[in-house]
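Report on the following structure.
Chains here go by letter, A, B and C, matching the order in which they are written, and residues are numbered from 1 within each.
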Amino acid sequence: MTALDNSASEALPSGDGSNPVTANKNVWERLIGNPTAVFSITVLLLITLSAVLAPIIAPGNPMRVNPVHRFTPPGAEYLFGTDNLGRDMFKMVMWGGRTSLMVGLIVTGISMSIAIVLGSISGFYRQVDVVLMRFVDGLMSFPGIVLAVAAAAILGPSVSTVIVSLSVVLIAPSLRIVRGQVLVVRELQMIEAARSVGVPTLRLFTKYILPAVMSPILVQASFIFSAAVLGEAGLSFIGVGIGPNELSWGNALTEARNYIAKAPWIVFFPGLALMFTILALNLLGDSLRDILDPRLARRR
Amino acid sequence: MTPDKHTSAASDAAPATARPTLEVDRLNLSLKIDRHVVPIVTDISFSIAPGEAVALVGESGCGKSITASAILGLPPENATVTGKIVLNGRDIAGFSKNERRKLCGSEIGFIFQEPMTALHPTLTIGHQLTDTLRNNLGLSKKAAMDRAAELLDRVGIPRPRDILKGYVHELSGGMRQRVMIALAISCDPSLVIADEPTTALDVTIQAQVLDLLEDMRTEMNIAMLFITHDLEVVADFCERAVIMYAGDVVETGSSRAVVDQPVHPYTRGLLDAVPHKDGSTEKLTPIPGTVPQIGDWPKGCRFAPRCPRRSPQCELRPEVEPTKRGQVRCWHPLEETVQ
Amino acid sequence: MLRYIGKRFLLILPTIFVPLILVFLLLRLSPGDPAGMMLGDQATVDQINALRQELGLDQPIWMQFLLWLKGIFTLNLGDSIFFRKPVIEIIPSYASVTLLLTLVGLTLAIIFGVTFGLIASMNRNNPVDRGVVGWAVLGISLPEFWFALLLVFVFSVTLRWFPVAGYNPPSAGMIAFAATIFLPALALGIRQSALMTRMMRSSMLDVLNEPYITTARAQGLPEKKVIGEYAMRTASIPVVTVVGLSASYMLGGAVTIEIIFALPGLGRMLVEAVGRRDYPVVEGGVLTIALVLAMLNLLIDIIYAYLDPRIRYQ
C-alpha cells in the first residue's frame, strides 16, 4: 500500500472495528505477557538508550577522521573497527542511531497527525472523501522513495527535506486506516445519538472518534516508524537524504560499499543496527495488532 | 409432503434379508485437544438398508456432524476413530486415507448444509461437476460435460448447459442446493449423507429440495443418512430415526414411532420444544438447561442433569435396551423396555 | 467485463497524476528559480530568462499547469538539460533495465513467496512452519540495500560466482544477462518474497478451512488436485492483489539496488538527474514509473477478475 514500505499495508483497517470505543485497559499487561512484544520492546529500548546515551557510551566526535587507523578490523581498541577515514564505527553506529531514530520519530508523529485529521475529515464528509481517497490511491501505488528523491532534487538534501518528504509519502496508508475506522465508529448508535442531540463535531471527535481509532493507529505507528527509518536510510545511502554533514546509519553505509572487499565490517555493523531496529518495530507492530485486534491475529 | 409414503418399505426394524448398505458398529471418535484426549461420540451403532433413509437427530453440538465426517472418512485432523464402518459388506474403517478418499464421491455422496460456501466460488459449476465425474468415473472431458448436463436436468435445473458455465453466486439458494445434490449423486453412490441439507433454505424451497432428495433416493435406491435437528422432517422423510444426545445414541426406532410415541425423555423434550404443524395450541416447553460443552460430557446418563425423570440411578451409565419399536439408552424410559 | 476494465482504468488515473502533480507543484512552488538552479551560478541573466521562457516559467501557474498537461499528452517531455536531447529519447534504454530488474525480482519473489507460504501452511504449527514464519519476519525487516551489499560480499567478493557490478543486456546472451541481474533481483525481491510468504500462508490457512475444500475432498478428488487447484485458485487471489504494491515497492527499491550494482536503470538515472538538477529528466522518470505502474495495476485487475468471477458483477 505504501509504496515506500508496504509492510505497513499489513495493518489493514479492522473492518467491523471490534470493540472500537472501549479503551483497552490492560494492553500493557498483555504486552508484558507476550514474548514477541517483550523481545521487541527490549531491543527497541536498548537501541534507543544507546542512541540517547551515545555521548556517554561513545564520547567524542564520531565524524573525526584518523587516517593512521583506517581500516582497523573490529577488536579491543575499536569494537566495530574503523572505516576508510579511520572513523570509529562503534561511535558512528551509536551516534548515527540518534539521527535515524529522530527522523523516524518525527516523521511518524507528523504523518500520523495529518493522517488522523485528514482521515477523520474524510470519514465525516463524503465530498472531501471522494477527492482525498483518489489522492490516497495515487500516493499509495507510487514508490514513495522516488518522490522523496525528486523532492531532494528540488529542496536539496537535508534532514528537514527527508522529514517533509517521508511524512508526505507515508500519510496515505494511515489516512486510509483512520478513515475506515471513523466510518465504522460514526455508525455506532451512541455516536448517532450524540449527533442527533447536537453534540458538536469537534467534541464528538475528541470524545469518541479519537479513542476508537487509537488501537489501529498504535499498530500503524510501529509500521510507519519502521518505514520511516528504512526510508531515511535508503535516501541517505544514495546521497539524497540528510546530506553529507550529518550522520545516520544510512549515511554510514554510503562510502562503505566501495570498501566492501577490504573492510566488510563497515557495511556490517550500521546495517545490523538498522535491521534490528526495523525487525523490532515490525515485531512490535505485529504483537500490538495481535493484542489489540484478536480477530486479525487469529490468522497469523 | 406426503407422509408415510414408504410405510411398505419401512419395516420397523432394519430388513434382515437385504444386506444393509451401511452398518456402523460401536463407532467412537475422540479429539486430541492440547494433549488431552476428549471423547466426542461413543458407541454409535446403526445401519441403513438400500433405499432407506435414516435420520440422525440432535441439537447442535451433540456430535452428529462429526459422526457423518467419520463415516465419510474426513474427520478432523486431530480425531481418532475406532469401531466398524461397514459399507456394502466391507469394513472401511481400517482403510488407508487414500483408499477412503477413493470411496468419497463414488460410493458415498455428501450434501452440505450451506451450498453457497460448499461449492467453489471461482470455479464454474461445470468444472466442479466434471472434475468429479472424470476423476471417479474416468470419463472424457466431453462425456463428463454431457453427463453433468444430464445430472443438472435430472435435479430439475432448467437450461443446464448455461448453468454449467456459471458460478455458484449466480444461482438462487434452491438452485445451489440442487447443484450440490447433483454433485453428490453424480457417480451413482450407494450411500448419500445429507448434513442438514435444508436448514439454510427458505421454507418454501425446503419442501422442494426434500421432494427431490426423496425422488433421487427411490429412483437410485440410495441409502441415505439424513442429519437434522428437525423432527418434523424426520417423520415425513425418513424411515428410521437415530436420536443423539451429547455424543450418545439415546434412542432409535421407526421415525413414526419415535415422533408419535417417544421413549427417551430427551426425545420427548425435543418434541415438546417445537410447535406442531397441525397448529395445536399445546404449550411449548423448552428442555431446561443447555447442551453440555462438546466433549465435556456428564458421567453416567449424559442427559440426567436436564432430565425431569432423573434418579440417583442415573449416576450410572445406562445400557442400550430394546423397546417394542427400537432401542433406548435410559434408566427411566417413557415405555417399558422389552426384557 | 469491458465495463469493469473501464471502471478500473478510471480509478487508475490518479495513480498516474497524483505523483506527477506533486512533482509539478514541488518544482514550481519551491523557493528559488528552477531556471537559475538548472543553469548554475555561471549563467547570465539573459540565459536564465531565455530558459524561463522556454520552460514557460514566465506564465501564470495555471497556464504552466495546462502547458505541462499538454506536454504529457503529446509526449513532449522537454529536453534534458544535461544530455541536450529530448527526454523521450533518453528514457527507453534506462526504463528497459529497470523493467527487467523488477520483472525478474518480482518473479523470484512470487516463486519463493508462494512456495514457502504453501509449505508453511501444509505444516501448520510444526517446526517447518515456525521456521518459515521466522524467516518471513526477518525477511520483511531486511533493508534491501544492506542485503544487496551482503550478497555482493558473499557471492561476488568472497565466492566470486557473480560479477561485483555492471550490466549485460539480454542481447549479450541469457547467461551473461542472468549473471548480472540475479543478485540485484534477489536483493530487490527478498522483502517482497517474505511479505508474499506471510500472505500466502495466512490466505492458504483461511482457504483450507473453507467448506468448498471439504466438498472437493468429499467428492473424492485427490489431495494434490484439492490443494493445487481448488485451494490455490482462491488462496492466490490476495497474493495477486499485492503484486501491484510489490512492483511499486520494487521500482522504488530499484533506485538503491541500481546504484549498488551499477545498473543503468531508471532509478540511477533519476538520482543522477537529481544531482545535475536536470528537471525534465526527473519529471520524465516519474512519469515513466507512474505509467508502468498504472499499466501493471490494470493488468492485475484483469487477472484478478479472471481469478475471481464474483468481482466482475460488482
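Assume a residue touches a chain if its C-beta (ideal position, glycine included) is under 8 Å from a C-beta of that chain, and two chains touch if they have at least 3 such contacts.
All values derive from a computational prediction rather than experimental measurement.
Asks: Chain adjacency by touch: line, ring, star, complete or other shape?
Replies: line
Asks: By raw count of C-beta pairs in contact, what's the busiest chain pair here?
Replies: Pair with the most C-beta pairs in contact: A-C.
Asks: Which whole number of Å gives the spacing of the CA centres of chain A and chain C?
Replies: 21
Asks: Round to the nearest whole Å and give the separation of the Cα centres of chain B and chain C.
Replies: 54
Asks: Please work out the Cα centroid separation of chain A and chain B, and write it as a whole number of Å.
Replies: Here chain A and chain B have centroids separated by 55 Å.
Asks: Do you know which chain C residues sit against two or more other chains?
Replies: Residue numbers touching two or more other chains: none in chain C.
Asks: Would you tell me which residues of chain B are touching chain C in their complex?
Replies: 72, 74, 101-106, 108, 110, 112, 114, 117-123, 128, 131-132, 135-136, 167, 169-170, 183, 187
Asks: Help me check something: in the complex, which residues belonging to chain A touch chain C?
Replies: 1, 3-7, 9-10, 134-135, 137-147, 149-155, 168, 226, 230, 233-234, 237-240, 253, 256-257, 260-261, 264, 267-268, 271, 274-275, 278-279, 282-283, 286, 299-300
Asks: Per the contact definition, I'd like the list of chain C residues that touch chain A in the complex.
Replies: These residues of chain C touch chain A: 11, 14-19, 22-23, 26-27, 30, 34, 137-138, 140-143, 145-146, 149-150, 152-153, 157, 191, 195, 198, 202, 205-206, 242, 244-246, 248-249, 251-253, 255-256, 259-260, 267, 270-271, 273-275, 277, 279, 282, 285-286, 289-290, 293, 297.
Asks: Contact residues on chain C for chain B in the complex?
Replies: Touching chain B: residues 210-212, 214-223, 225, 230, 233-234, 237, 307-310, 313 of chain C.
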